[in-house]
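In the two complexes that follow, chain A is the common piece, with chain B as its partner first and chain C second.
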Partner chain A sequence: MTLKRHIRTAALAATLTAGALGASAQEKEPIRFGLCFDISKSYSFVSPQVAQAAQDLAMYTNDNGGIGGHPVEIIVRDHGNEPQRGVECYEQLKRDGVFIFYFLSTPVTNAVLPRAMKDQTILMQNFTGRGDAVDGSVFEWVFPIGPSYWQQAANAVSFVKGQLGGDLEGRKIGFIYLDYPFGQEPIEILRTLSKKEGFDLELYPVPLPGSDQSGAWSKIRRDKPDYVISWLLAGGHVVASREMRRNQFPIDRYITSNWLNEVDIVNIGLQEAKGLLRTTNVAGGQDVPIVQTMLETYYAKGKGSGPENLVRDVYYNTGLAILAPGLEAARIAIEKHGSPLTPESMKDGFESIVEFDANGLMAPLTVTAEDHGGGGKTRIEQWDGETWVPLTDWSADYLDVVWEVIKENSSKYE
Partner chain B sequence: MDLIFLTELAINGALTGLLYSLFAIGLVLIYKASSVPNLAQGGLTMLAAYVVLALARDVGMPLWVAIPLAALLMFGLGFGIERVALRRLAGRPVIMILMMTLGLDIFLRGATLAIWGGTSRSVELGVGYDPLLLGDIFISRIHLVGAAVAIALFGAFLVFFRSRTGIKLRAIADDYMASWSVGISVERGVGLSWALASVVAVAAGVIWGEIQGVDQALSLLLLKGLTVAVLGGLDSILGAIIAGIILGIVENVGAEFLDPLVGGGSRELIVAAVLILTVMIRPHGLFGRHDIERV
Partner chain C sequence: MFYRLSGVHHADYVSDSRIYKVPADRNLAVFILVIGLAAPFIIPSLYLNSYILPWLIWSAAALGLNLVTGWAGQLHLGYAAVMAVGAYSAIHAARFGVPWEFALIIGGLASSVIGSLFAFAALRVKGLYLALTTLAMQFVMDWVLTHSPAITGGSHASLQSPTLALLGQPITSDAGYYYVAFGWCLMVTIFMLNLKRSALGRALVAVREKDYAAAILGVNSFYYKILAFATSSFIAGVSGALLVAAFFFLAAPEQFSVAVSIQVLAMVIVGGLGSIIGTYFGVALILLVPGIVNGIFATTSANLGLQVDVETLAHMPNAVYGALIVIILLIEPLGLGKLYGNIRDYLMIWPFDQFRK
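Coming up: the complex of A and B.
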């Protein structure tokens, strides 16, 4: 291990375990995170990586004294992307004393949200669920840390604007999406931005599971949009890449959401994917200090929480970025309010996070009582044939427009 | 809307429809012999694609060896399913057999997830993705290959059903009691139909796996495959081919007009409408036997 890496590791450990009282992490009441995931159906392409990252990070935290001496416990259950099973998982874990939850599924999160609000439990909602939940003044117990799909889409439009000389008037942006709630989520914000910036928005819905895109791409070829923003998943990107080839649409004009990983790139073809653009709030690859730490501390010794190949996947980094703010919130909460950790102190912990990036893992987060999303910063990365190259700095654009839509929607929540 | 674009939508729709036909042929084969729509055909297609990839990637065989070997393995599996799961249901209500195929589908999805995980894998047949140009019309090469495979299979089964074994299967489909009484082994016939449907699943799994990647989503082909089979007539392979082309064109061209009106999602509506209208107006489908009637 190089000296530089030693320093990075020490800094990371300090970030995650500051406040440890020196006591063994096993002596105090554990801080429990209930992760009810879809491990068996639609989201099985991402949930194993996220769960493994969460378990690794908890193990690392515990090996370094826990949080204020409290060990971190990760409880993983399967809900099969079925809202009713998600609600059952929530109720069961709540009975067992868990008050911090994460569901990694929009329909399940939406089903649980009213209960979490009523019960005043902490609902982490990173990358899932309703976009207006970042409004902390309404959704007091919900924390969609990281960019909402609305903010991601707005940031993508801002990138396009920059690429087209700073003016979108008369330009055309296509939006290809899975025709169900996940894919439809950004449409409203794109329509709003279309009116504001004067570009034409063309919508290309694709039925589940995303295998039939021939009609959509034939239309795209005819419409000739300047860029296509994509809210597809997994195999949908592979189909899109082939349709782009067939319709001679340049892949470097195709911007995906954060849900595109190394497996998709391999399936598209490393060279065929060259130029593809992705919006993300998480630094990809293994050169990220926290990922290096996991590889060296556990995987090099065969002690990781799962197979090493899952670590070499951006969804593992995403998993770390999902849990890390939760651990940071718990650390602040115990530092400010002492033990035991309560939903109220955890909420305050979240709302006290300032410029937290887990040592370069993600866009810096500042969470407030008003903004539970942490600022919504993302950057655009481009696949160069071997790795992802950042094209922009972390930024959040059109905040006024996005927040206008957020407020309009959140005001309707009862 | 210009005519060239409409023609392109229709041609690509027809080619996609033939890929649905490729899947639906498996459904028809089993229905012809046992009068049961096989709800596990999606699971079999998915499994077949995984088996091909396991042989090609994990064992290291070239695809041209892996595909026929997988077909052989799936052929055996088809017989095995009849022997282990279905034979003991002989004489029971059809709904029990239907539930068995549904259970089999769920089992196959769970088993493939447990063995190979949920990560999508690609087949890589080596078919180019640059467009094939017919004047101003852009054609997908892999869809063209898939359509050719569907038509080739149709031709092969046309010949097969004129062979001695094929005639026995037709006899079983006509009247299994009479077939029994003249010494035809109905069990073997039903087993053979499952085995052949499993081989068809290999062809469908490889082509669809090349197009969309191999994961659990492959089993979702069942809805469109079933719609094609019902529209064509559940016991007609020719019907499956024609209905696939019709559904593909109607879906692709219809969505172009309907999507702007309803804000997207019209493809699923079109497929559902075709299924409902067929059952209501012509329950035996376009080419099915007339004894398939509404109750």
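Coming up: the complex of A and C.
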């Protein structure tokens, strides 16, 4: 196992350092990623892990010769989830020569999107912002790599279909969600699918911040849905688990979006959470080769970019999965178009990513000029009391339905 | 010495009702106006479009809130909701093909109508009860926005604003956006400066101090309260519309959430209730200082080569910023405007004030 792991690590290092040509990473112009995050307000449950993962991955890349000899620089700033400060951060970093941005906040991403489109800078939009931005023919400069919430919900329905013997006719699926745009987003796709597959869709809105769910769960108890898909965040899952116990709803019929991490699991209770399902495009746990590499190379020596407990969190893996395609795109761009990296070559780099899975870290991505989402593949993982166990293979289902909704929405842009 | 006056003394009513009672103040205002007009040529575009532009638009908005809270004395915790009404009505009007000049007015009027509804609450309840009522209206508006895809633009709730055009001239440059914001802010400021010395302004102050005492004086507080809410809502509506048209280019419900309402109120309180120049200072402190302090911390720690982890780096500026507000309000509870006034009054007769003692 260890040998195999070392080989994998070496393979990843080779991917990241290809084209290094022995040049020192410090001589050339750095490739800069502007990460304007909400580290102090609403999203502070995820942004530190993502920022730390990005810094670790950049450090690892630089220690192995950078990308085509260019060092990678990660600039992290706080915008406190305020659109105004996000725009300020964007303009500031843009003046400093940064042209690759990531905001990890839907309101801020929305506020910056028109500017990025006009300035022709790369806007990474993984897991945030408008779902129809995967339509690369309209949103040329936006890259929401990874599954959109629409695709995640569709994949969850497809999983339920598989579990119920391939037929959803007459079945019942519940959808519990935070009653604001994040939670409401999948409703449209679920409605379309319920018509197509003939299952009953029951909606259970929960007011922000998700601490009062008793009404929703007593309705669930009455309705007896076969599965409940959940678009809640952080503490909302803990409340949901308590309500599930009280209303005798089995936790192994509860499917969450990708926003559920070890902290939530610990709060629910390691054993209590046993059986819980999660859609994800990132392999969870620490057995992933790149996470192992980080732990061995840096954290074992106390040289990581932050505390080690943040590494033992699936959002750390998510952070790696967010930055890795960016680095891969930069590598391809420099290989194809030479240095220095420009927004145009970076865009082409992104659009040339084929079957990239960062060595088992995430669902294989194939980005095209048409599909900026990379295919939207996810899988279902189950918590077994200790770690995440994958139940399915990476797949993206109901693509036609999802793309119909995407096209319909993106055509309304402008 | 600096002001060439020995104090402000009025000998007749005309001098008492002047906008600028001290010539030096007028000169300063003219100087700032000239700087404002020349700003696109002397200020780098980064500062122009990501600091000064939002500062001006928010100042105009905060002046509107100051009208209802500072002058008429009605606590208002739903101001962002009123701005949202203006923003969404104006954008929908513009998307429908209405010229922007009219779209902005439509936005303002729509806000006025909705904002006046707040006034009806104000007629029945006062003080903290009014604050809670307006807060409730903010939540109603939040709910309406997040549940009406027809208003907010689809399931991802973001509505693209058409290109701003005034007098048939499409506005796309940084300087263009700046002048629009500057023009609007100037209009609101001139209105507010004149409000101070008009019968309307005095009536509002009378209502603020004691509404039934005002009624005894013959001031119809019912009428003036509604007027205050309607006027301030109009300003809010146009400011909200401009904020989207010239700065965000896209409207989303989060831009007008309850947190924003509280922020605008903080701008007015930190700046000084009933103070125009204070409002400008207050907006600068609440809106711009967090970003600036953040930048300073990031640069300093990078230059000193400190290994500060991102969380500490994000929270330190917040602590500094919070401390700053507390310190300012401890030094001068009447806000930054009063602080400025104190300095001015001291310098007015300096150094001759020493002889008085």
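Throughout what follows, the second predicted complex is superposed on the first by the 412 of 414 C-alpha atoms of A that agree within 3 Å, B and C clash if a C-alpha of one lies under 4 Å from a C-alpha of the other, contacts with A are read in each partner's own complex, and residues count from 1 in each chain.
The definition used in the following text is that contacts are C-beta pairs under 8 Å (C-beta built on N, C-alpha and C of every residue); 3 or more make two chains touch, one makes a residue touch a chain.
All values reported here derive from a predicted model rather than from experimental measurement.
Judged by the touch definition given at the top, the superposed model places A:Gln52 against chain C, while chain B stays out of reach. Contacts of A:Ser411 after superposition: neither chain B nor chain C is touched. In the superposition on chain A, A:Ser40 makes contact with both chain B and chain C. Of the two partner chains placed by the overlay, only chain C lies in contact with A:Asn110; chain B stays clear of it. Once the two complexes are laid over each other on the shared chain, residue contacts for A:Gly80 go to chain C alone; chain B is not touched.
Greater residue coverage of chain A by touch, when chain B is weighed against chain C, goes to C.
Once the two complexes are laid over each other on the shared chain, residue contacts for A:Asp179 go to chain B and to chain C alike. When the two structures are aligned on the shared chain, A:Gln286 is found in touch with neither chain B nor chain C.
Residues common to the contacts of chain A with chain B and with chain C across the two structures: 40, 44, 47-48, 179, 184.
Against chain A, the residues of chain C that register as touching in their complex are 46, 49-51, 54, 146-147, 153-158, 160, 247-250, 252-255, 287, 290-291, 294-295, 298, 309-311, 313-315, 317-318.
Chain A meets chain C in the complex at residues 37, 39-40, 44, 47-48, 51-52, 55, 76-78, 80, 82-85, 87-92, 95, 106-107, 110-111, 113-115, 129-132, 179-181, 184-185, 187-188, 305-307, 409, 412-414. Considering their complex, residues 40-41, 43-45, 47-48, 179, 184, 203, 205, 207-212, 214-215, 218-219, 221-222, 234-236, 238-239, 241-243, 245-248, 263-264, 266-267 of chain A touch chain B.
On the side of chain B, the complex with chain A involves touching residues 5, 8-9, 12-13, 16, 110, 113, 117-122, 129-131, 138-143, 208, 211-213, 215-217, 220, 252, 255-256, 259, 263-265, 267-268.
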